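Notes follow once the structure below has been shown.
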Amino acid sequence: MPDMRFVIPRQDINRENFASSAPDFNRRSEMMNTDRGFKCRITNIVRLTEHEKLFQLRIVDPLERAIFRFKPGQFLMLELPGYGDVPISISSSSTNHEFLELCIRKAGHVTSALFTVEEGAYVAIRGPFGSSFPMDEMAGHNILLIAGGLGIAPLRAPLFWINEHRDRFLDINLLYGVKEPSQLLFTWQFEEWEMINHIRLHTIVEHGDAEWRGKRGKTGMITNLFNDISVDVKKSYAIVCGPPIMFKFVCGYLDKLGIPMNRMFVSLERRMHCGMGKCCRCMVGSTFTCIDGPVFDYWSVMNLKEAI
Amino acid sequence: MNIAKLKIASFDFTCCEGCQLQLANRESTLSDFLELLDIRNFREILSEKHDDYDIALIEGSISRQDEVERLLKIREQAKVLVAFGTCACFGGINSLKNRFRMDETVREIYGDMAIETLPVKKISDVVKVDLSIPGCPVAKEEVERIIVSLATSSLVTLPKYPVCVECKQQLNTCLFDLGEICLGPITRAGCNAVCPTGKTACLGCRGPAEELNMPAFLELVRERKLSHSDLQEKLAFYNAFEPVATDET
Amino acid sequence: MKRDFALDIRHLTRVEGHANIQITVRDGQLVDARWAIVETPRFFEVMLKGMSAERVPFLTSRICGICSISHSLASIRAVERAMVIVPPVVAEKTRLLAMHGETLQSHALHLFFLVAPDFAGTSSVLPLMQSHPDLVRAGLQLKELGNEISTITTGRCTHPVSLVVGGISKAPDKQRLFHLRTMIQESKPALEAACTFFQSLIIPDFSRETEFISLSNGSTYPAIGGQLLSTDGVIRNENDYLLMTNEYTRDFSTSKFTRLSRESSVAGALARFNNNAHLLRPGAREVATSFGLQPICHNPFMNNIAQLVECVHIIEDAEELINSLLNMELSEIKTAYTPKAGAATGAVEAPRGILYHHIETDDEGKVVKADCIIPTTQNNGNIHDDLRAIAAQGLEEGKEDQEIKKLCEMVVRSYDPCISCSVH
Amino acid sequence: MIYKVISKGEFRRFVDALVKSNNSLGPRQVDTDSQGNPVYQFKPVQSVEEIAFDYTATTSSAKHLFLPFREELSRFSFHGDDWEQQINYEADPVVLVGLRPCDISALNILDDVLLNSHFPSPYYLAKRKNTFVIGMDHLPLPDCFCKSMNHHTVTIGFNLFCSDIGDNYYLSINSSKAFNFLKEFEIRDPSHDDNCLLVERRKLIQNSFQTEIDVTALPSILDIEFDSPVWEKWGQKCLNCGTCAMVCPSCYCYSLTESCETNRKGARREKSLYSCNLVDFAVVAGGHNFRPKNGDRLKYRYYHQHRGFAENGNQQICVGCNRCGRACLSGINPKDVINDLRMEKESCLICVSSSPARI
């Protein structure tokens, strides 16, 4: 029989004060709920290309919906129960509190399973996590948005923001390159962006087909588009999203043009398991992509080991 | 999650049938496990036979011509052919026979009786294998996990790291510290380090871990002055590793 | 009416391994009835050559997926006797407990998965899960108990890891032994349910006089080692196993045949019972009586009942073994030894009968010669002869072809043949 | 903190009372190695007799009691198309006897990473709060280098810490729980002599270290030497076996897996401790491996241990217990690796004008 005098009482971690505890473990316990996801209903699925779909999500619980806020550039962990969770950038407007949009490419285990679910299914999201594009700091400047391939997905959130606050910005150029014309995403928004939001849109593909050439579309690498624009380096910010190899060329070019490194922003991708700076999967040098990133200015990236 | 049952069949070749037997183990989840399956052919427990299976579990290695033909037929039918157990994946202990001449081997056991036998082959020497589940015997827990993954069309994976990870998680004393050679550092995990946990050396039944570092492993055995012949006997036991140089230096 | 028929069962189902039953009847006369094993041989005796003795049990356990513990222990016993190594008491008790676990698991698998469908008229255990859920649950519970005993004593239930020459490499965990004791107590209703079910079955009426061979040590129900004893009165020393078996080959079978005083003989649960019934634990003896089973019983179908009786015995015995292990200091578990030359036989009672391993080592303790004689090999002759007798009896009684076929299959299954094991 | 002195006999009675009333773990001898040395591990104990108070060091740290090697984080149960998520992070109280200062320091570091950072881990917190830690000092082993890491003493992170001052233990009591328990036993205030004995004991420990590592400016050296051939050299020896990370008291990297239950009525999210030395740690979708070579991965472990990551304010997280060095079958240990790296650096600094060719 245990001697009751020496039995250690069990301590509930949600209770703030327990005088008998040894060290001070009370800090930040208000953020305890990080492993519980918000349940979302998939309200709409749009097939963009063979490999990409746009998922529209609505947080089920009204209270959770009301408190969920994010900044352009942040990502969330999307959980498909039974399969796992993956980091996905939020691709919708940060002022839209009704729906979230996620543009997802079928890449592996979880994303393939996501491609089999239908509208009405329930998933969970954790987050938002990570750093964001400094939209306020960029106000009053020209913005150069450069997207390669799926890089357009994380660019959509800042783009929405810019469009909603169009008067705060000067010239906006969107450079968008993909491999083939069929891979161009969000084409239905191009006209709106150009006509209503006065964004100068430049697209380029690596391999154009006959139809593309017929419409006099450009072919080549994304860097070829630089000939079409004039950049006022003193008054410009750049946001670059795409495969790592693209950073090197694009940012290298902009650097040469004279845009300061701390005015160029990139979004990095690494394998993530937790999104909370604990699993150490997404380390780049000594920096966590999930907490310190995914959005970094180019100066920081240059100083990270193994970044690109 | 409602999913169609997997049309599965189980076939045994040259082996002890211990891997098949594992399918009937883990009694606590057995009925749930069988719920996932539509067993079309399984001689060991079932009298009916049907030939419309999608998944074929192949147990054992190949050591006679009629087995080759039977296997080729199964390959034609099966959408997913699974090498089930170490004998199927690597040849297993049966391969120890290959060190001897076949005619002498037969004479030794059967005298002058005419018995056919071929040098032992693993399944992938004969047909294409879609999925390998190693283990002597296979671990039912892993089989269950893989079958559930197949049923839910999830990713089927085996650990890529070596047994030492799981061994340390069991707080075992390393067998090298007890003066024995253990193949844990070069063998694929997934068995929960059963052998080192029972304090006997890992003999590598799950085959090589991914990107194993054989030179470093050999160096380790040399440095600790452990017996080279013991090492070779262990490496050869399941035929899962490339033979190593014989010099005793 | 004189009838013709040919029965050709290629790869009998619900047995371990590949074998065929062939019966030919012409003009109402039984022309031929044979038990033909076609399993691919693996040549273990050759593989063992040159292997160090300490590794032998790890190889021989792979002879059979069902009775791997018996094979391990037979090899270990042979090597220990050859090199004069005496294992500590704790090791011996643990080994015996391990054997019990294996036998329980094997008997449960046989009785519930392979035999019960015959009596219930189904093709496998799967439909029984719906029609007799309690019976299947009881079977699973006993099988699980057997597996758990093996796992706790040897590290895993198939292909043991901690049975080694000299003793055991790791002592069973006392916490888990406690848990095992609870499991045993909880299994008793399952055992009763099984007995009630088998009481309700009609055991085919068939008998053919034969010779039963088992181990015997005079004081306890046999398991590991002892003298070799036959119901015809032959007694031999363990090392003289060859005189007990007299192996020979038949051209239709990859598994060999054996004989002793008669054309054929039997090993297994019924043989153990016939030779040692008085050494069973009281509970087991009671169950035997309730089935009208008494020595010497010559009905092969009663082998199933003998297995059930043994389950009762094992569970009682295991409980006592666990109690005594729990009261011991489990520190001394292995005797140190230096490998040396020697030769000896290790005989154990595997679930299906006597299993002999004979091992000869050189000065470095490497195997120079090995011989394994498997219970099913010893039963082949008797199965073969029973097939002929039961088919003839069926013809005489004017039974339908299908009925004869079923009886033939059933009589083979009652031996619980372990075919891949016999062709090792 | 309150300081008291307790006789060794009375202390044993105290520990026995605790151990008998709670789930407890302490160092126990589990084996004898081939050299005849005892092997210790933290194992469950039922009475004070089972605790090896004079143990040297356990092979594995006590980390897994706070960060289990495998841990279920949450569970989903499915109903039709819908599901529910259940999370349970409660923990039962545990008494942990015999932690060394370095082990406790490692816990403090884990506290920093897992509690005082962006997203505190409730799972860890529950276990940490419910573990009653009794620390004990010891004379360093020949290969301990905790002094170099400044972790040979510890002032927080335990409930009770015992310094051996001959016939008595000098107790540092750091929680009211411990103080309450001790009220039932014979303790006294430290005398002047006791204080002197304590100082002497500390000096003795301080002076008994045989292994030292120069860690000055190590973080920046690690940054500068990111591409050093030293990594390649040690990487060639590394077996990618993860042993070092499993036994280390402060390695905490993990992986998450989700698996469906066999009856498909639910799924579990499970966390398993991982190691940056394992081959697939940095593999991303599509199969690209950011750290394909042994050396890259080994470097990352050292980078993490000795340079520190942001969540921990870029502090070193290695406490200098050398468990990794002892357990590594390839003889890779922090002292040799770091010295090698330093040599590299320093030999270059000496030859300011023309660097010698690398062999």
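The chains carry the letters A, B, C and D, assigned in the order they are written, with residues numbered from 1 in each.
Assume contacts are C-beta pairs under 8 Å (C-beta built on N, C-alpha and C of every residue); 3 or more make two chains touch, one makes a residue touch a chain.
In this text the structure is predicted, and so the values were computed from the model without any measurement.
Novice: Work out per-chain C-alpha centres and flag the one nearest the whole-protein C-alpha centre.
Specialist: Of all chains shown, the one whose C-alpha centroid lies nearest the global centroid is B.
Novice: Give the chain pair, either A-B or A-D, that is connected by more C-beta contacts.
Specialist: A-D
Novice: With centres defined as the mean C-alpha position, give me the chain B-chain D separation in Å.
Specialist: Chain centroid spacing, chain B to chain D, equals 36 Å.
Novice: What is the distance in Å between the mean C-alpha positions of chain A and chain B?
Specialist: Chain centroid spacing, chain A to chain B, equals 44 Å.
Novice: If you average the Cα atoms of chain A and of chain C to get two centres, how far apart are those centres in Å?
Specialist: 64
Novice: Residues of chain A touching 2+ other chains?
Specialist: 82-83, 108
Novice: Name the residues of chain D that each touch 2 or more other chains.
Specialist: 78, 260
Novice: Once you've mapped the touching chain pairs, tell me: line, ring, star, complete or other?
Specialist: Basically it's none of the tidy shapes, so other.
Novice: Can you identify all of the chain pairs that touch?
Specialist: Pairs satisfying the touch definition: A-B, A-D, B-C, B-D.
Novice: In their complex, what parts of chain B are in touch with chain A?
Specialist: For chain B paired with chain A, touching residues are 1, 152-155.
Novice: Residues of chain C touching chain B in their complex?
Specialist: 11, 13-18, 40-43, 45-47, 49, 51-52, 55, 58-59, 62-66, 68, 109, 113-114, 117, 123-126, 129, 140-141, 143-144, 147, 154-162, 164, 169-170, 249, 251, 254, 420-421
Novice: Under the definition above, what is the set of chain D residues touching chain B in their complex?
Specialist: These residues of chain D touch chain B: 30-31, 33-34, 39, 41, 43, 59-60, 64, 69-70, 78, 236-243, 246-247, 259-264, 273, 275, 278-280, 294, 327, 329-331.
Novice: In the complex, go through chain A and note every residue touching chain B.
Specialist: Contact set of chain A toward chain B: 82-83, 108-109, 113, 116.
Novice: Show which residues of chain B lie in contact with chain D when the two form their complex.
Specialist: Chain B reaches chain D through residues 1-3, 29, 32-33, 35-36, 144-145, 148-149, 151-152, 154, 160-162, 164-165, 168-169, 171, 173-174, 176-179, 184-186, 209-213, 215-217, 219-220, 223.
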